[in-house]
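I'd like to ask some things about the structure below.
For clarity, chains are labelled A, B, C, D and E in written order, and residue numbers in each chain start from 1.
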Amino acid sequence: MITQKHIAGAIGLVVLLLLPVLIKLIFPGTDRYYLHLVIQILIWAFIYTGWSLMGRFGLTSLGHGAFTGIGAYVTVLLWNFAGITPWIGIPVAMVVATIAGVLVGYPCFRLRITGHYFALLTLAFTEFVRLCIVGLRDWTGGSLGTQPARYGDGLSLYAFQFEPNRVLAYYIVLAVWLIGLAIWIKVDRSMDRYALDAASQDEDAAASVGINVTREKLKITALSSAMCAFGGAIYGQYQMYIGPDTIAGLGVSLNIVFAVIAGGIWSLFGPTFGAVFTQVLAETLRVGLRGSETLSKILGQSALALDTFIYGLLLVLFIIYMPKGVVGTLAERWKRKAGS
Amino acid sequence: MMFGFFSSLDCSLDIFFVEALINGVLLAGLLALLALGLNLIFGVIDVVWICYAELVMIGMYAIFYFVQVLGLPLPLAFLLAIGLVACSGALLHYLVIRPVLDQPPINQLLVTGGVLFLLQAAATMAFGIEFRNLGIRLGSVNFGDMSFAWSRIITFAVALGAMIVLWQFLTRTYIGTAIRAISQDRQIMPLMGVDQKKVYLATSAIGGGLAGLAACLMVLQYDIYPQIGLQFGPLTFMICVLGGLGNMVGGFVAAFIIAQFITIGGSCVATEWGYAVAFLFFMLVIFVRPQGLFGAKS
Amino acid sequence: MNLWRSAACAAAAIGLISSASLPAAAQKEIKLGIIYDYTGPFAGGGSLPAAIATKIAVDMINERGGVEGHKIVATYADAQSKSDVAINEAERLLNEVKVDVLMGVFSSAHCVPMAAKVDAAKRFMWANVCVASAVFKGKNLQYVFRPQVHSDQFGEASCNFIAENAKTKLKKDPKDVSVAILYEDGPYGTGVAAGNEAKCKELGIKIAHKEGYAATSTDLSALVTKLRRARPDIILHTGYNPDITLFLRQAKEAGLKFDALIGHGAGYGQIDKLIETFKGDVNFFYNVDPVAAQLLDPKTLAPGVGDVTAEMVKRYKAETKVSEVPPHASMGFNQQWIFLTDVLPRAIKKHGGFDPEALRKASLETDIPNGGTIQGYGVKFFPPGHQMSGQNERSSPVVMQYVDGVTKIAWPANLRTIDPVLPFPAGHAYAR
Amino acid sequence: MLDLKNIDAGYGAFQALFGISMQVNAGEAVAVIGANGAGKTTLMRVISGMLPASAGAMTMEGTDLRATAPHKVVELGIAHVPESRRLFPRLSVEDNLRLGAFIPSARAHFSERLDYVYGLFPRLKERRSQFAGTMSGGEQQMCAIARALMSKPKLVLLDEPSMGLAPVIVQQVFELVRRIRAEGYTVLIVEQNVSQVLKVADRAYLLEVGRMVQSGSAAELAASDEIRKAYMGI
Amino acid sequence: MAMLRVDGLTKQFGGFTAVSNVSFEVAEGEILGLIGPNGSGKSTTFNCVAGMYVPTAGSIAFEGGEIGGLAANQVCHKGIARTFQIPRPFRNLTLLENVALSAHFGANAKLSRAQCWAKAEESLAMVGLPTDAYTSTDGLGAAALKKLELARALATGPRLLLADESLNGLDHSEMDQAADMLERIRKEKGITIVWVEHIMGVLMRVVDRVVVLDHGEKIFDGKPAEAQTDKRVVEVYLGETDH
């Protein structure tokens, strides 16, 4: 049966596939820059989607900055120091992140560490990983980051370096993002999703109907941490620069959580919307304010943090007035309209 | 050799090690004070202010502003800053926490996370991201080869004093008793004629005031910049949880343990590793004793 | 006053913050994208003076009528002391503003990834200030050029200085001198420290301690304790601004004593700021940097170069109201001047324009003898295939000493304007 | 003194009380009895304002209780000794009592009231600095009642004072109830232990599944079959 | 052979002994009433069997195998289902999802998606709740929530059903219906039932046998009619009659 939803999805997909062409038409000559923005949005959207798999079940992890960091750094370090291609490095990084996730997750789930205890514990984990990255400065380049060694002229299948060809990079990242959505849908339709929903509501009751709550949570943690590690690795390969503050650590964790909450944690496109929203807001404000003489005169240096300011303010307002996020709230409103 | 950091592993048990130990104790005073305020709020309102260290940052900037821009004398600036941060604490509760008290606890944590962004951004907008300091140099006191900064000694003494004063307040006054009681049984407080809202507000103000005091002590030692909260925030949560939430004595002991990890780890290996080991220790302890080192089993 | 000159002035004025190009004058334009850290810790670490002086160079050229009939339109962008912002700004300048050349860049942490990116995209980049050898070493970059000195040379300069002065000043054989190497852990600090370590080892100087730290550290007291335990004679320090301030403060509080401190650019290039914070404590500190142009004797340089220096110093002082023009101003200006007066005209005249290929060819043909630039050194770039291809092979730093707020040159011997004070005289805050 | 008319109350979708009407006159001891789950505790919570009533009217000496904020109910002279005592376990006995005198009118007479309750329960004076949670069940009940008396209430609500206590202690608890009656307090008591409570009460109400099914003097109810039916299903 | 045998069960919380040395058996096919006043330890006993608490001492054997100390989900897989005293529906799921979930995870055999849904519909129908896919748990009354508890337990395909105070909050007619339902479940599905309840009235009509607890100890084990006249049981419920 073909529903409206399917048609909309198909149209959306076609638009996305043709996007490089469209951007070229709309912004002739400056398409590289706009594609760059879109690529960044898609990478973060994938990472956010990975987090939301867990976050939507009340597992509010502040530890995913660690997973993105592990993904990026393990891949780059293996390449830089052992010459191992990211085709092997990325899976290894994902395995490392998964193991880390399970090591932190298992005791938490067994001991029923939830809510803010879970958040604080995973926060400690993120900081631990970030400090390790900085501390291992002889390998990781320390606090100011490092970059994957260029291979050839920078466009290489073997080294998985695709950044110079923006269009190629776009399609790779688009594929990654679509995989992220597919995983989300797959999880959403699985029985495990119901089990986790149930467990997030009432662990005892969930256990009483035969759900092994610990195992269900571990499964989703493993999936989510592997996805974030993958996203982190892709970020590193595309950006060709990784830094402990840009792809690891508490700042990244908080960004992930807040973007998803702003976008809507329970919706397929919520995390993506969060990514669009935060990235576009940050970029427009940064460029817009610097570009406008009057505004930067009025605001001066203040312009620097205006995006974060608006961002923080909106987050507070979202949580108070719109806990379901933008997409979630809109969907609900739409549903209500359709229902009545 | 597997890890680079071992190349700087250097931990002889000499006079400098003793110095590190004592410096750890001095640092613990500050950490304990930070944790105390958060613990109070945590215990009473059952909300984690993830932006607690950012309140401290606001306090530090306030002092900077009062002294460098308005030219006020330092003691007056300190008093004003404590008052200001206390008000911000109360305001934070009133504007941000109260509307979400009925939501899941994690939302309360996250909403204060939004405030964290807000405060950091506000500080950046007002003062830029440069590092600032008041240029206070208090010198140091020496015992043989050991050297201890006055700023740290004063910090420790004031932190200790503040904790004693707070303890007196909590044990000697009605509102203090109510604050201690409320974490033990929230629901029956109205039966005592206690208006929870007022106690929450008072606690938030006291917690804010403690953050303000911590700010006064921190400007003696540290540069002021918008992200300084991220340096101390995670540590503070860790100490609170480690000590057992709402357990102030436990928080005090936990501060000492964490401070020793930081200073000894820092002086034996490298600064980051001191912190990293402290975080690792924290995780391991919570896995063994989820209620914290000194928390009561529930 | 001719009409287009005033238009150029207006354009330059707006240029500081504007990304808009001026359509008014139907004149040929060359767009430059200039990235510096206007805010954040790097701003105070030397980026701001470099940015101001770079703009002075652009303004001066425009006032002279531009380059070969082309007006220079510069877009200045702020990297906010963050590498990811720097990369995004580079993307924006190259692909949205569509600049012809990407320039500037203070921090090596931005420079390394950015250079690789720009080169991979086959666009042209000219680095003014960042010094990390890692930008070029083994990267075989084609379209990135840097007349500036590189970090290996920084590291070598200080060790050479110690070796040459150990006997006479410290009354010790160089083999009995011990140094401690401290560095911020980015590419710049790491690069300088590696140079320090290699050269000092080669010269037989003992390395009592070597440690990196994060430039954003809030506490270096553990590091200070380790130094007190290691008791080095001389401290070789590489850092930005807040970390240097923190280190010096905590070192003094903890009573760390040593014979000399040699800084390596960045934060140590900002003597005004250090004096403001530490007063006499920083007296007799050394700093390794490309020389501040005004310190050189114009007679030793090519004709006309001295006038350029004088003009820059005049304008810099007028704009910033400072007494001492820091080395970073010279770096920003000098590199900009070299590009605008040497490379760009040749590219337009000889190679038919200013596309990356033309600029690349023009750069490779650059051959300025020593004494031909305001900082004394000449310019010739290592050719493609060389492990440092793109780096200026004729650049060199000097060791300067700050004496009572005045900068003197202490090394190399041929440029010397002072007999170095070593060790600290008695009564100095850090004297043993 | 206390007057309830057609009170409804519940928890979310679940209604626990249906149209409860009852009175307590000054000086009386009134018992509310009923099996587990009949809504007795809910009734107490409604009176002391811990649970808002969803319908009906409720006054204390003419003051509308439904319009009074929960923490203000104490100031009207109603002290509630909650089910299972609910002392603050990690506060000393004296701190517990101090909280009982939290309201401004009581604070003024704190030491006076403290002497009074120590006089009433000398045992508490011995244990004044001990953590309340470390005392025996009977002592805790004593402390809970003393805490309620600290506010100098007119009406004392006792919710299942004998619950969870050993039979010997239960005797002592009812002895306590008699004593506070003798002190002149009006008492509203909820109990499962029918035979005991009917001995101390003047009047009683029988609750069954949220509805008031019978009321009358204690003696009348003691003789009634309704109770056996409600409790034992006979 | 007894289906469930509880032997010397003791459970302490800190220093407090909630259940002390309680033993009883449940025969296959019977409905056993487990009663006692508040705080008598019946819920604790119940939760030890259901895997929520780990017993301090004693053994719990189900169909010959020891289940004391197993986790709740393991107990469920052994064939024991439970309901909760205060209904604990998964509010973020629809009725059908609530029940399908327990069909999927509760059964030992892996059922296909369709089978789960079919089983869920069957269980919902059995207790008289709507079986469509869209009804949410919002707005369900106490009686319906109790039924949902029951449906969820039934969907796991149990051989023993532990029903916890399932009549709390119901009116008289609803109570009777609920009691009838338990009887019907036994009759139609052959499920053995342990019914924990403190309202004795309705329970007495349906159960084969009652076990009465007081202060954590068993004080009576026998026919319902005998319990109603047993002196100790009466004392426990009405207080000591004379002293």
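The rule is simple: a contact is a pair of C-beta atoms (placed from the backbone, for glycine too) under 8 Å apart; a residue touches a chain by one contact, two chains touch by 3 or more.
No experiment lies behind these values; they were computed from the predicted model shown.
> Work out which chains are contact partners of both chain C and chain E.
Chains that touch both chain C and chain E, as defined above, are A.
> Counting C-beta pairs in contact, pick out the pair of chains that comes out on top.
Result: the chain pair A-B has the most contacts.
> What is the chain whose Cα centre is as far as it gets from that of chain A?
Centre of mass proxy via C-alpha means gives D as farthest from chain A.
> Could you grab the centroid distance between chain A and chain D? Build each centroid from C-alpha atoms only and quote it in angstrom.
55
> Between chain D and chain E, what is the gap in Å from one C-alpha centre to the other?
Chain centroid spacing, chain D to chain E, equals 32 Å.
> How many angstrom between the C-alpha centroids of chain E and chain A?
About 45 Å, centre to centre.
> When you check chain A against every other chain, which residues touch at least two of them?
134, 137, 301, 304, in rising order.
> Show the residues in chain B shared as contacts by 2 or more other chains, in ascending order.
Residues 128-129, 270, 272.
> Which chain E residues sit where two or more other chains touch them?
Chain E, residues with two or more chain partners: not present.
> Determine which chains touch and list them pairwise.
The set of touching chain pairs is A-B, A-C, A-E, B-C, B-D, D-E.
> For chain C, which residues count as touching chain B in their complex?
By the definition above, chain C touches chain B via 39-41, 43-44, 80-81, 209-214, 216-223, 225-226, 228-229, 241-242, 245-246, 249-250, 252-255, 277.
> Okay, in this complex, where on chain D does chain E touch?
These residues of chain D touch chain E: 13-16, 35-37, 160, 163-164, 166-167, 171, 191-197, 209, 227-234.
> Hey, which residues of chain A end up touching chain C in the complex?
29-34, 36, 134, 137, 141-145, 147, 150, 153-155, 163-164, 239-241, 243, 245-246, 283, 286-287, 290-291, 293, 296, 301, 304
> Please name which positions on chain D make contact with chain B in the complex.
My answer: residues 48-50, 69-75, 79-80, 82, 86, 88-91, 95-96, 98-103, 106-107, 147, 151.
> Provide the residue numbers of chain B that touch chain D in the complex, in ascending order.
Listed in rising order, the residues of chain B that touch chain D are 171, 174, 177-178, 180-181, 184-185, 187-196, 296.
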